[in-house]
Amino acid sequence: MPRSRSKSASSCGHDPSRADEVENLGFARVDLSRKRRQGVPEVVYGAGKTAEQISGILDSLRRHGQLPAIVTRVDAGKAAAVSGTLGPEFVYFPEARFGRLGAAKAPNGHGCVVVAAAGTSDLPVAEEAALTAETLGNEVVRLYDVGVAGLHRLLACKGDLERASVVVAVAGMEGALASVVGGLVDCPVVAVPTSVGYGASFGGLSALLSMLNSCAAGVSVVNIDNGFGAGFLAHRINHMGLRK
Amino acid sequence: MPRSRSKSASSCGHDPSRADEVENLGFARVDLSRKRRQGVPEVVYGAGKTAEQISGILDSLRRHGQLPAIVTRVDAGKAAAVSGTLGPEFVYFPEARFGRLGAAKAPNGHGCVVVAAAGTSDLPVAEEAALTAETLGNEVVRLYDVGVAGLHRLLACKGDLERASVVVAVAGMEGALASVVGGLVDCPVVAVPTSVGYGASFGGLSALLSMLNSCAAGVSVVNIDNGFGAGFLAHRINHMGLRK
Amino acid sequence: MPRSRSKSASSCGHDPSRADEVENLGFARVDLSRKRRQGVPEVVYGAGKTAEQISGILDSLRRHGQLPAIVTRVDAGKAAAVSGTLGPEFVYFPEARFGRLGAAKAPNGHGCVVVAAAGTSDLPVAEEAALTAETLGNEVVRLYDVGVAGLHRLLACKGDLERASVVVAVAGMEGALASVVGGLVDCPVVAVPTSVGYGASFGGLSALLSMLNSCAAGVSVVNIDNGFGAGFLAHRINHMGLRK
Amino acid sequence: MPRSRSKSASSCGHDPSRADEVENLGFARVDLSRKRRQGVPEVVYGAGKTAEQISGILDSLRRHGQLPAIVTRVDAGKAAAVSGTLGPEFVYFPEARFGRLGAAKAPNGHGCVVVAAAGTSDLPVAEEAALTAETLGNEVVRLYDVGVAGLHRLLACKGDLERASVVVAVAGMEGALASVVGGLVDCPVVAVPTSVGYGASFGGLSALLSMLNSCAAGVSVVNIDNGFGAGFLAHRINHMGLRK
Amino acid sequence: MPRSRSKSASSCGHDPSRADEVENLGFARVDLSRKRRQGVPEVVYGAGKTAEQISGILDSLRRHGQLPAIVTRVDAGKAAAVSGTLGPEFVYFPEARFGRLGAAKAPNGHGCVVVAAAGTSDLPVAEEAALTAETLGNEVVRLYDVGVAGLHRLLACKGDLERASVVVAVAGMEGALASVVGGLVDCPVVAVPTSVGYGASFGGLSALLSMLNSCAAGVSVVNIDNGFGAGFLAHRINHMGLRK
Amino acid sequence: MPRSRSKSASSCGHDPSRADEVENLGFARVDLSRKRRQGVPEVVYGAGKTAEQISGILDSLRRHGQLPAIVTRVDAGKAAAVSGTLGPEFVYFPEARFGRLGAAKAPNGHGCVVVAAAGTSDLPVAEEAALTAETLGNEVVRLYDVGVAGLHRLLACKGDLERASVVVAVAGMEGALASVVGGLVDCPVVAVPTSVGYGASFGGLSALLSMLNSCAAGVSVVNIDNGFGAGFLAHRINHMGLRK
Amino acid sequence: MPRSRSKSASSCGHDPSRADEVENLGFARVDLSRKRRQGVPEVVYGAGKTAEQISGILDSLRRHGQLPAIVTRVDAGKAAAVSGTLGPEFVYFPEARFGRLGAAKAPNGHGCVVVAAAGTSDLPVAEEAALTAETLGNEVVRLYDVGVAGLHRLLACKGDLERASVVVAVAGMEGALASVVGGLVDCPVVAVPTSVGYGASFGGLSALLSMLNSCAAGVSVVNIDNGFGAGFLAHRINHMGLRK
Amino acid sequence: MPRSRSKSASSCGHDPSRADEVENLGFARVDLSRKRRQGVPEVVYGAGKTAEQISGILDSLRRHGQLPAIVTRVDAGKAAAVSGTLGPEFVYFPEARFGRLGAAKAPNGHGCVVVAAAGTSDLPVAEEAALTAETLGNEVVRLYDVGVAGLHRLLACKGDLERASVVVAVAGMEGALASVVGGLVDCPVVAVPTSVGYGASFGGLSALLSMLNSCAAGVSVVNIDNGFGAGFLAHRINHMGLRK
């Protein structure tokens, strides 16, 4: 059977003064000014990309000094292929489906980022948040399995919560953890609804709506299962006024 | 303009042995065996009924010894008209939009019914639950404005919660109260989502989903704003094994 | 490929006087005071946990005298592995995907728990409810395939329904069983919508909404397919005033 | 302020052989062949039309011998104006917000159309169905307030149900009436969900989904509150094989 | 690993005078009076049942003279097993996933049932409707691939449509076929939305809503993909006044 | 009571070379380069703006030669006030709630824009589309009340449809008009769902989904009730290759 | 007509050592330790509260030194009544429906809070955010009417955006402002969807989903129209590491 | 096991003068007048069709001179089988799951069609649009990975955008690309939401709603992932006034 591939994306006539800011790989335009513009290199969303595409983008970032680089939502099979291409500088965390190229930065924020997760099933998302924050230079304290149905487990950790600069609250099902934590602390709370649950959790919708309707002030919400987004934002908040 | 009314509902040829169990008022078939069959007379849902219809049904219940009778979701205007027709035996509670014909029964359940409400705006629903339970013969303890964003307010009431036979947990917005209460008590919790909130509360959907997904065992849920249903069920549970 | 695991959850500095109430397994904080606080040990939600995690938690409960212990939503493969680890004290019920460690308690409630299911496809959920209630010390009567499209099948069981202390009504599709049963009995009805159906059942949403809107008083609802929650609540109601 | 109206709809160059089949009033093209093509004249949907528009269309139908003509969803104010214009041949039924121009046809179908309604609040929709069927030439039996929470009320009417050629089942809230009736009769059941209810009834969605998921065969569904559509369809079914 | 099965459903103490009307197989109560009560034997919904359960129920129906019996939503593997058990009297139609035990009845209705389907992908649902109607004793005319985007294909079949006693209109995507057919015929139209489509068809929701909102009178709707329900209802309508 | 207004929006330090392109009125930044950049001046969305704000923006556009200017969704009261301020150059079309400042441009497109509307209730939206296109320089042909339930009304207008450069298809309820028109013409069809309907039309959702799922190629969709957007896009398409 | 009020909420037996932390007004338990615990006094949600209740709570806060106190979602009528009770220390901002008791704190954060709003109709929500942040001690820069359809208006404000410590991005309709801003800045972005729009904006759902799905890192979301929540969170972030 | 196939669709008695316009293959009625009526042959929707059905339809089109013919949503396996049947004239593009029988037409439109895609994961949909437009005779410029989070990548392509006759904007997640592009160009924009994303993208719903609510004029929307529809419409627009 004859097969022909579609033409690759044409290069558009962009401003030459910006030519060094983007590397056009055909399937992706790698943003090489992200670290300068926003303090953190472009992050690779691994879902829907091949191992070759992931390796290509990470390699481009490494060649242009944009490390440490992060890839999220990459399964173990692709990670092995990426690791084979990029060598030992690429480290993979299977539970969080998270890969890192280059060493994590040393913690240099205001204080620690607490990642609190309601149940054991929420750990993959919680770990994605924790690893993201650690990679970008934050001390992370993990409080796992502290769901509100056994409130004493959470209250026993009050000391950790009070030392936090930011809390990332990760929960599925009814997502009540964000509101309860929000009432206990005086720092920003980044709520991450997860798709953990069944039936009327509707893939995380229940937890998402709960968190958006939190009666505790200081709580904001990211997308369902978006551990990366929460860890990234926690990093930004924890470095408020410290960036240069 | 000529106006003609549609014919009233034809009477159907039902079993004469049951003739005394239903009074057919044309617009309603009053269920006169409900008290015998289910321990509690038929309750009148006032929304969408005229004052005349409400008075007619209540009067039918009174004539057949089905007191105390309850009417819910009746606004002040209709209540005044009903009161004019039925006399002082009809008592109206405006905050809960709740009317009662006949005296409340003396408390004779296992213990007390605790009605806990998250915020001031949830009071109308909470009062509907409390008045229903009181009317049917239950001691009611009210714990209002104990939302989880100020957890110490709820924890300060732990003694009341531990003495409860049943807890009715009333909350809008994120509805987290049901889960937190569910984790503190060892009795059934009837959760009532309310339509209090805005935006992504979607008319109570957020609280409803939260409560259905509660990770605390022993929690069940009634319809949004259904204070009556929760009070009625609390009554049933509180009289478990005591009915005759 | 180099792989590294994320750090395990740090232990938080909790109150030493409560140290014996929680066993921190890293991936889970086993709640060892649940039986004392709430009358029933912590129940293990098997979905999203490995066989090792399940075995670990059950073993912790056994070592601390928290039997009989329940695990729900565990498939046959994991159950075999758990059984291999824990020995013959672990019993598995494949239709309900339900495991029990330790013997069921002898029935000691007010009366019997009736579990009524609309169709053959609802049996796995109904069995989860029935086994939960039996494990916790309740006589259970099963009425299966009594959907309302053949009403005489349900009416033929009226005697069983009238003897019930609590009815668990399990139905998918239009979920009408809960309302019809609710009108026939004078005890609490716990309604369990199931995801049985297709098209506009939307994964159980249709049955869920039906049950929440039941015009029969005394009906409350748990999450879609949550047989465990219904069985647990039925147990609580059936032991109202009998706990010590 | 200068005001100018938009131009009226241009007439399009349609086939002259069909010119007599449509009267173009500018705001409406009155379908004058509907009675010939489909046995029943065009029906006027009154919502969103002015009294003048309604009168104009009805008058056009009268002038072309398309009586009896029906207008639905017309409030009392508009109806008075229409009546003033068209004279005593126009009859208005306020509860159903239904108007009729010309006398109802004599019943000439296979048998009777039973209109069963669950609650008092469902009467406006039920009456719209009943009046539609009566207007088009059907004997109608009304069974009102026969909701399933008091099943004996419905079972007492079993004789009427068994004599039906078609049953129109009208219910809001959980909409269980359609399934229960569907299991009792051997004729077609046209189910009409109503917007009666609150909270999780979501404006009739709950009843609609219930009816669509009915496990009783022979049930089909029309739009929420569409009493007209159900009455019209019941007419068609009741005249199956009798039209000429 | 020790495995124990849950107890089978207890038999309930039903009225002996009805004992012959139900055969209790444990997992199912076969309704043996359905043919007498409703003219058609109980139909087996094959999804979620094992081949053994299906064979058991069909065999029970055969032993009690309830043929022809229908089983829907049965895949080819189960059908082969059922066929092995029940012998050549069981016939399977793979495209419609439809099985029949016993011969179809001879057509004896008012006229023919037209099954019109919008696209090739709608055929499995259309065939389920057609086979159901044929089995129950109806002449069926199939008009396939007559979607409204090529209106001349539908208009070319106007003769068939005008001869119909009932039309079953099967369509996914925008479901416009039901409205267009409804405007062309003067007989009842049973609309079947299908889950054919992608994106904003949301599993058939788009077609379902379209059909419910049809501005053509005489159209009613069954559940998404419910070819059986439509075929069954078409049969009832086509035999209006002819049953005995 | 002391009242204080919040500070007005600060001016931001924008590039002086663009200073003449925006007039900052405090509550609005009037885009004065829109006509140059996009061929059509900024259009004022009247909902949620006061008469003063509307007049202010229109006046700014007039002062900068950006006529004819359009304001949509403006009720009659505000329109009168605007007219009082701006004088007779402002013309108001009440049915469409549409205002125009300055004369409509002479038609100069490829051909005519046909605006087809399914029912009388859809006219306000259809007129908004028609007036927008006329204002911007297009000949508009209006085909109203051509819904698909009376297909011959639409087919009678086939000549108009075939002469169209673009068709704007406006329909509520089931929205089938777009698909049927899409199958009849060989030009682009812009579909406008309207909120006309009740029950399961869910405020236009039904028509919206229908139109998005149209099986006719060449159909695209704008927001519910967005007559303006459709008229504007029709203008662009009708001037394809003619702009300068 | 006899009217009786329901009993007020019983006081629960809370820990005397905490007695001074809550003032129980019957309808509300005023949290007097909020300022100490969380740095900001309890904020009054005015919707659903009477002017008397609002005045009572604010007065309680003033008596206990919990100023400046904020009340949100209070209409002009109630505000006038509150002002009459509390005197000139209460200031009302009608556009934002926002009241303040006591003077705003002097700005003492890291930098400025930029509040960017897409359109004129979004101003009430934007002002609620801006006033909240100003009250709590933040310099606020307002960038209004900078929606992405006229991108040059936003790009002209790049200087302001780059100086921000936090950006609050307020937008209805498609909510694209949050993503575009998120790509331009290197500080946290708090996105506020508004209910501005019509049709498929579904009361703000469209903007909410857009913002949750933002592909720009560093963006988190609060409830629809929750200007207060965004302003409060912006305050917390802007004071990161500065609180004592 | 005996198997019997259902009867094939009966041929309906259509007008002989149209007999040559449709080839009835039993499973499909191939529309042979589509090219004459609408300028483009019927397009084959490959999902849900077998390779045999696809080959049959394509072959019918080839025999009747309806080339180039397009088949969409065909996986690689089916494509290989089709290729084996039809020979080298059939070309397959695996990324877009797109097949073409016959050579693409030479570009003959007003100008070029720009296909802009937000991210790498959107490429399959973008390619479907691009290949469709190329096949039908349009020059296509591809701008890929130009999502708004890195706005400079899009702005760098402004030259390409300004030369476009039509822009097809393809994006998942928040779908902001359509609005931003809509504000930059003065030609029609066809927006294609994609199902790329997770969590609250709800399978493309988020992008769909964003695009429908675009505040940029000139934007219309097709179904989620409907690259073909967008490419086809772009072709029509690009040939406005040029067809014969």
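To keep things simple, chains are lettered A, B, C, D, E, F, G and H as they appear, and every chain counts its residues starting from 1.
We take it that a residue touches a chain if its C-beta (ideal position, glycine included) is under 8 Å from a C-beta of that chain, and two chains touch if they have at least 3 such contacts.
The structure presented is a predicted model; accordingly, all values stated were derived computationally and were not measured.
Visitor: Can you list every chain that touches chain C and also touches chain H?
Guide: The common neighbours are A, E.
Visitor: Nearest 5 degrees, what's the C-alpha rotation angle taking chain C to chain F?
Guide: 180
Visitor: What chain lies farthest away from chain H once each centre is taken as the mean of the Cα atoms?
Guide: For chain H, the chain whose C-alpha mean is farthest off is B.
Visitor: Centre-to-centre on C-alpha atoms, which chain is most distant from chain F?
Guide: C
Visitor: If you average the CA atoms of chain B and of chain F, how many Å lie between those two points?
Guide: Their C-alpha centroids are separated by 49 Å.
Visitor: Centre to centre, by mean C-alpha position, how many angstrom separate chain B and chain C?
Guide: 27
Visitor: For chain E versus chain G, what separation do you get between their C-alpha means, in angstrom?
Guide: Averaging C-alpha atoms per chain gives centres 56 Å apart.
Visitor: For chain D and chain H, let me know how many angstrom lie between their CA-based centres, rounded off.
Guide: That gives a centre separation of 42 Å.
Visitor: Which positions in chain D are in touch with at least two other chains?
Guide: In chain D, the residues touching two or more other chains are 119, 150, 199-201, 205, 208, 212-213, 217, 223-224.
Visitor: What chain-chain pairs meet the touch criterion?
Guide: A-B, A-C, A-G, A-H, B-C, B-D, B-G, C-D, C-E, D-E, D-F, E-F, E-H, F-G, F-H, G-H
Visitor: Under the stated contact criterion, what part of chain D meets chain C in this complex?
Guide: Going through chain D, the ones touching chain C are 118-119, 147-151, 173-176, 178-180, 182-184, 197, 199-202, 205-207, 209-217.
Visitor: With touch defined as at the start, can you tell me which chain B residues reach chain C in the complex?
Guide: Going through chain B, the ones touching chain C are 37-40, 43, 110-111, 165, 185-188, 190, 208, 212-213, 217-224, 228-230, 232-233, 236-238, 240-243.
Visitor: Looking at the complex, which residues from chain D come into contact with chain B?
Guide: 79-80, 83-84, 88, 90-96, 119-121, 123, 127, 130-131, 141-146, 150, 152-153, 156-157, 159-160, 196, 198-201
Visitor: Could you please specify the touching residues of chain F with respect to chain G in the complex?
Guide: For this pair, the touching residues of chain F are 1-10, 12-15, 18, 21-22, 26-29, 31, 33-34, 42, 45, 47-49, 53, 73, 193, 195, 203-205, 208, 223-226.
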